[in-house]
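Just below is one structure, and these are the notes that go with it.
Order as written gives the chain letters A, B, C, D and E; numbering starts at 1 within each chain.
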Amino acid sequence: MLVNCIAYQDGKRIADRIAPANIGGYISRPECFVWVALKDPQPGEFSELEKQFELHELAVEDASRGHQRPKIEEYGDSLFAVLHIVEFINDELVVGEVDIFAGPNYVLSVRNRAEKGFTEVRARCEREPELLQLGSGFVLYALMDAVVDRYFPIMDALETELENLEERMFSGGTARANIEDMYALKQKLMVLKHAVGPLLEGVGKLHGGRVPQLCAGTQEYCRDIYDHLMRINQSIDALREMVTTALSVNLSLITVAENETTKRLAACAALVAVPTLVAGVYGMKFEHMPELKWAYGYPLALGIMGVVDAYLFYRFRKAGWL
Amino acid sequence: MLVNCIAYQDGKRIADRIAPANIGGYISRPECFVWVALKDPQPGEFSELEKQFELHELAVEDASRGHQRPKIEEYGDSLFAVLHIVEFINDELVVGEVDIFAGPNYVLSVRNRAEKGFTEVRARCEREPELLQLGSGFVLYALMDAVVDRYFPIMDALETELENLEERMFSGGTARANIEDMYALKQKLMVLKHAVGPLLEGVGKLHGGRVPQLCAGTQEYCRDIYDHLMRINQSIDALREMVTTALSVNLSLITVAENETTKRLAACAALVAVPTLVAGVYGMKFEHMPELKWAYGYPLALGIMGVVDAYLFYRFRKAGWL
Amino acid sequence: MLVNCIAYQDGKRIADRIAPANIGGYISRPECFVWVALKDPQPGEFSELEKQFELHELAVEDASRGHQRPKIEEYGDSLFAVLHIVEFINDELVVGEVDIFAGPNYVLSVRNRAEKGFTEVRARCEREPELLQLGSGFVLYALMDAVVDRYFPIMDALETELENLEERMFSGGTARANIEDMYALKQKLMVLKHAVGPLLEGVGKLHGGRVPQLCAGTQEYCRDIYDHLMRINQSIDALREMVTTALSVNLSLITVAENETTKRLAACAALVAVPTLVAGVYGMKFEHMPELKWAYGYPLALGIMGVVDAYLFYRFRKAGWL
Amino acid sequence: MLVNCIAYQDGKRIADRIAPANIGGYISRPECFVWVALKDPQPGEFSELEKQFELHELAVEDASRGHQRPKIEEYGDSLFAVLHIVEFINDELVVGEVDIFAGPNYVLSVRNRAEKGFTEVRARCEREPELLQLGSGFVLYALMDAVVDRYFPIMDALETELENLEERMFSGGTARANIEDMYALKQKLMVLKHAVGPLLEGVGKLHGGRVPQLCAGTQEYCRDIYDHLMRINQSIDALREMVTTALSVNLSLITVAENETTKRLAACAALVAVPTLVAGVYGMKFEHMPELKWAYGYPLALGIMGVVDAYLFYRFRKAGWL
Amino acid sequence: MLVNCIAYQDGKRIADRIAPANIGGYISRPECFVWVALKDPQPGEFSELEKQFELHELAVEDASRGHQRPKIEEYGDSLFAVLHIVEFINDELVVGEVDIFAGPNYVLSVRNRAEKGFTEVRARCEREPELLQLGSGFVLYALMDAVVDRYFPIMDALETELENLEERMFSGGTARANIEDMYALKQKLMVLKHAVGPLLEGVGKLHGGRVPQLCAGTQEYCRDIYDHLMRINQSIDALREMVTTALSVNLSLITVAENETTKRLAACAALVAVPTLVAGVYGMKFEHMPELKWAYGYPLALGIMGVVDAYLFYRFRKAGWL
């Protein structure tokens, strides 16, 4: 679906809702660039744009197929960027994709399987015409920046999840659910890592050293994105390490709990076994057992059982077994 | 076995089923190249081709011996590539090998221990003569691309396997079988890693920076293969990490299960031990035990046992032990 | 809050408590530089300074937002450094931040969420005018050095914590508390690692090879900071490894303890079960059981129980089970 | 012990069993080189050769002391290589060492603590005079190639060992022996890793980029060795990872087995405890227990015990506990 | 404490026990250099030497403060090296430090917290005047070589420790002591790693590529030290990995032992429980129990108990439970 197709000159809109066939007129002007936004495109929708912008066959193939790993590739003087859009939908991480083709006088963004669009990015760009004047390179930056900024709340949510897990773990919650949640958290971290890791590598080539011509004017902005990605990446790695530690800590806690259960059970067993022994003794059939004839033998036997159990109970309680 | 030997000029077939001895006439023409396909070759079959193409002794030795690790080596202006062909046969990963010798005017592919051939690659190449015109470098690319593309379904199958394992693990399936399958999955991942890892390194040298002359025109295609390999490699690493995590999660779950078993057993033991104690008490032989003379003493005793057990059962059930 | 704003020339104060609006007069003199210290600044406080020093928009944005990862960035001939201030407050690690903007003739430090200030740094600088003469680069060094030096006592505290943990672990303290403390220690190490790791990378670029103009005269000082960071970083890594080892050692110790508990319980069970068997035997109702009629049958039976238990007790004690 | 000392010219022997003192005459001729083989040399045997070949003091020291890590060092225009010879003797890995000094017109190999010699290498070289013509660099290659080729059967043996371990592990063999063997396998892998790892690094410098003069003509051969080492190295790493995995899998299996033992024991205990309860009930001394007077009370009681046990047995068997 | 201060020319002593104040006369002669050795210096002792040798303020600060990490730093044409001296005192690793300042015509070694001095190094140097002629660079090498050589026996002791641990582990020694010793071994390895790791990095810069002027003549000697460090480093890493493996192996062995204990206990329990059941049966009070009236009923019952226990014992023994 074509979301919009707008031409800009000197940082200002000069034409709205351009039909794909008319793009040629705008991109031939050197001062002007066209920003096209597609969403979940149909197979046919691409071909006209492909011809107009002279996109490279391999990049188009990647964009139509989808499910690429994040990357930034140069094709001559144009760039092809793939970014993962990560969204939290019903407590599940859903991974969409945005493919951005950027040349000297066009930007084409193709959004796939993602709920939230980029209208706010266009609005922000148009609010700052002095920056938009930097051309398509700035639009590329703005789009990437928006995608990366959306990783932060995801990251925060995962950090909160770990904190909840830790609390439940140490307060002795149900071990089984905890383990399952830790595993799920690890999986989510892998998803985010897949989005961030390769992108970090790609963005790293857009500042310092040799930089694609398109990003020459926005180097410091790209370094900013890089810096954000580094921060997220580092947090992911730290979180992964903590989840691994939490898993092993959890195993230790389970083993400790097992030990405690064993002790408690043993204490209870003792409380039953010892009176049973006493009863057994007075169940013996010797002819000469003077206690058996005592008038208060029976209550005495019960008393012994009670006293012994009380003593055992006191000892076990003191030792922390009960 | 010689599968085929075809000469191409300007991207079109000019001669079919050429006898090895006649190859010389074709490779001496600068515009022409010969594409030979061998399958599980016999020791003798090689020598004629070796002489015609002036293959390097060490490369030939590697190809005849087989069981090489994947690699791409330069010998003067020709390339020698070894790739693993991974196939799923009866739920087992079977590793074959294709050795590709590529020079300016010849491509020789030697397929070993693999079921599926490369006829579809030849067909695809011949369907795009404008690309086939790029010469033997493009054929090399097409063959490598085909091998790498066949890794994706393997990867998907392994991912599905892990998902099944996870489900069984958390639904409390038979732990022993789970562990065995996790280990087997890990082994399969190692096999795939062996195929992908070294190749990644080799293909990385076919684009960007200094590139062998043969691949000068197909750099962007090689980058595409590289990108696919990166994706598979990353998935393998992620999967390996998840298997390791799953193994340790599984151990935790087993320990939790053990704990639960212990509790259930203890509860059952209590349900038997307490009535045994009661019975023991009334089996004592004191002369003065008034209950023994009551008409309803016996049913009362049985009743006490029943009530105590019912109470214990209720408590254990509430605590989740039963 | 503006802490202070002082102008220096030839290593000596020339003006105190300068109003932000008057800074321009000082920074236009080539021999003079201004050192401004802000603390938890309000949104408005920045704008005047930003204009006077011509700070870069992105750096200002980072500084106002806070919660950056440590870094050192070049913007033209000025530097922007972010450092984490780590403080131990009530046994918790609290992370503050100091953002330093340093240009050829100004240094602006912005301290956020940190208790302890940098007055001692200013005092030290003023005590050594021959070094302060090196200009704003030296002030930058002095500030960074002060922040890094404050990591050492934190590190020492964490090392002591590990030593205490080790002692408790091997002396058989409460396993549950130990595990919780190990996890907490690991978390603190992650916090410190986050402060040190990225900074190490940043400071590494301030000596050897190409160095920002501002630090040309203080290279050897920066190498000194780098060296301190390396030392802390190495200690963190070593500590992390030891915590991981301690966790697994702890699990082993818990399992050993479990084993010992099982043995002790089994021994106790035996001490009860064997007399119960003896009592059961003499509770049988055979008509011909001569012992039952013996005058000393009953004390004999009790004696047997006692002797068997004493023997068992001796055996268990010798085997270390009791 | 001096094994042999032979002079070669144009790839052919020109003098056999040369006395060390006469070597000078041969190494002064530019077209000629001498190949000396020593075995477990005595302290004195070296000095003459050291003088003749002008070996570097440090290299000689290394060779006489032995127990070096594998390495390849340049001393001027000569090379000094240390390789580990790994042999399987009585199921133990025994590590010998060969030190090779190679200069433009001499090769001196010193074999220490190794059973198998290098006569086959000399034979192979003499069979291919056109390669031997390449001079001492080729001999160096041939020796290194022979040592590296001997790593392969060791590697295969270790892989077979792991496969046997896996089989025993999953078929429930004696856990204790399994663990011990896994540890031993890990140790053997470390030995092999020590032989291969550093050598890989050393050989990597003999091809591509700047190469010692001596190896200029044998670069492609050195790359072949490098490739073999890579393959072994990769296999070692894979094997190490699998051993680690096997160890943790084994622990899981042991825990599972423990769980199963506990269940079986509990089932057995139940089969005894329930009849004991029944017996206890009928051992009570109530005056009014009608069953006690029934003619078939006793067989009935036994019958109840039997039926209950049969039912329990059926339940336990169905639940897989017995 | 000043140990000694000697001037050398052409590899020979020319003046002994020079007072610090007279050093100037010697170091002004180009052919001459002074070798000063300090031990646990007092604050004041340094200042005279600092002035004479024009030591850099930061290096002096490091040396006076002590507790540096190992490093080799260039200050102009002089070098500042910090090495850890590791000694085994009462089974504990004690870490001392030697700081070496080396300039074109002086070497100043400052030994801290170490028992063994470097007189043997001086003796060795003076025995080889042709090497000592190389100047202060050779002295620097000789000192570093001596420190590094002292790591080898430490390493050997730790390897022996691991071997003892392995033996005890597999022969079933006391698990608790084993674990404690493994942890202690790991700690010692960390200490050694701290000494070796950073030094390796430092020494690596003293040979190959750009080398400090001072070490230009002793490059091959420095490579020798580097090689030794590599060997130790590799051994440390291998040992660390084995300790980690041993820890996890130990846990498996403990779990196996637990399993065996459980089985033995269960067997013992069965040996008691079954006769108890028999006794319970004959303790029932049915009127019609013919066995009770048999003359040999009682011995028969005892016999049954004995036979059943003997059978059970045989079964358990065969199954390896007892």
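Convention: a residue touches a chain if its C-beta (ideal position, glycine included) is under 8 Å from a C-beta of that chain, and two chains touch if they have at least 3 such contacts.
No experiment lies behind these values; they were computed from the predicted model shown.
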Co-neighbours of chain B and chain D resolve to none
Suppose you hop from chain A to any chain it touches, then on again the same way; how many hops at least until you reach chain C?
1
Rotating chain A onto its identical copy chain B by a Cα superposition takes an angle, to the nearest 5 degrees, of 70
Provide the C-alpha centroid distance between chain D and chain E, rounded to the nearest whole angstrom.
25
If you average the CA atoms of chain B and of chain E, how far apart do the two points sit, in angstrom?
41
Where chain A touches two or more other chains simultaneously, the residues are 248, 251, 255, 258, 262, 269, 273, 276, 280, 283-285, 289
What's the ring order, kicking off at chain C and moving to chain E?
C, E, D, B, A
Per the touch rule above, chain D residues touching chain E in the complex are 56, 58, 68-69, 71, 73, 75, 175-176, 179-180, 182-183, 186-187, 190, 193-194, 197-198, 244, 247-248, 250-251, 254-255, 257-258, 261-262, 265, 268-269, 272-273, 275-276, 279-280, 282-285, 289, 291-298, 301-302, 305
Of all residues in chain D, which touch chain B in the complex?
166, 170, 220-221, 223-224, 227, 230-231, 234, 238, 241-242, 245-246, 248-249, 251-253, 255-256, 258-259, 262-263, 266, 269-270, 273-274, 276-277, 280-281, 283-289
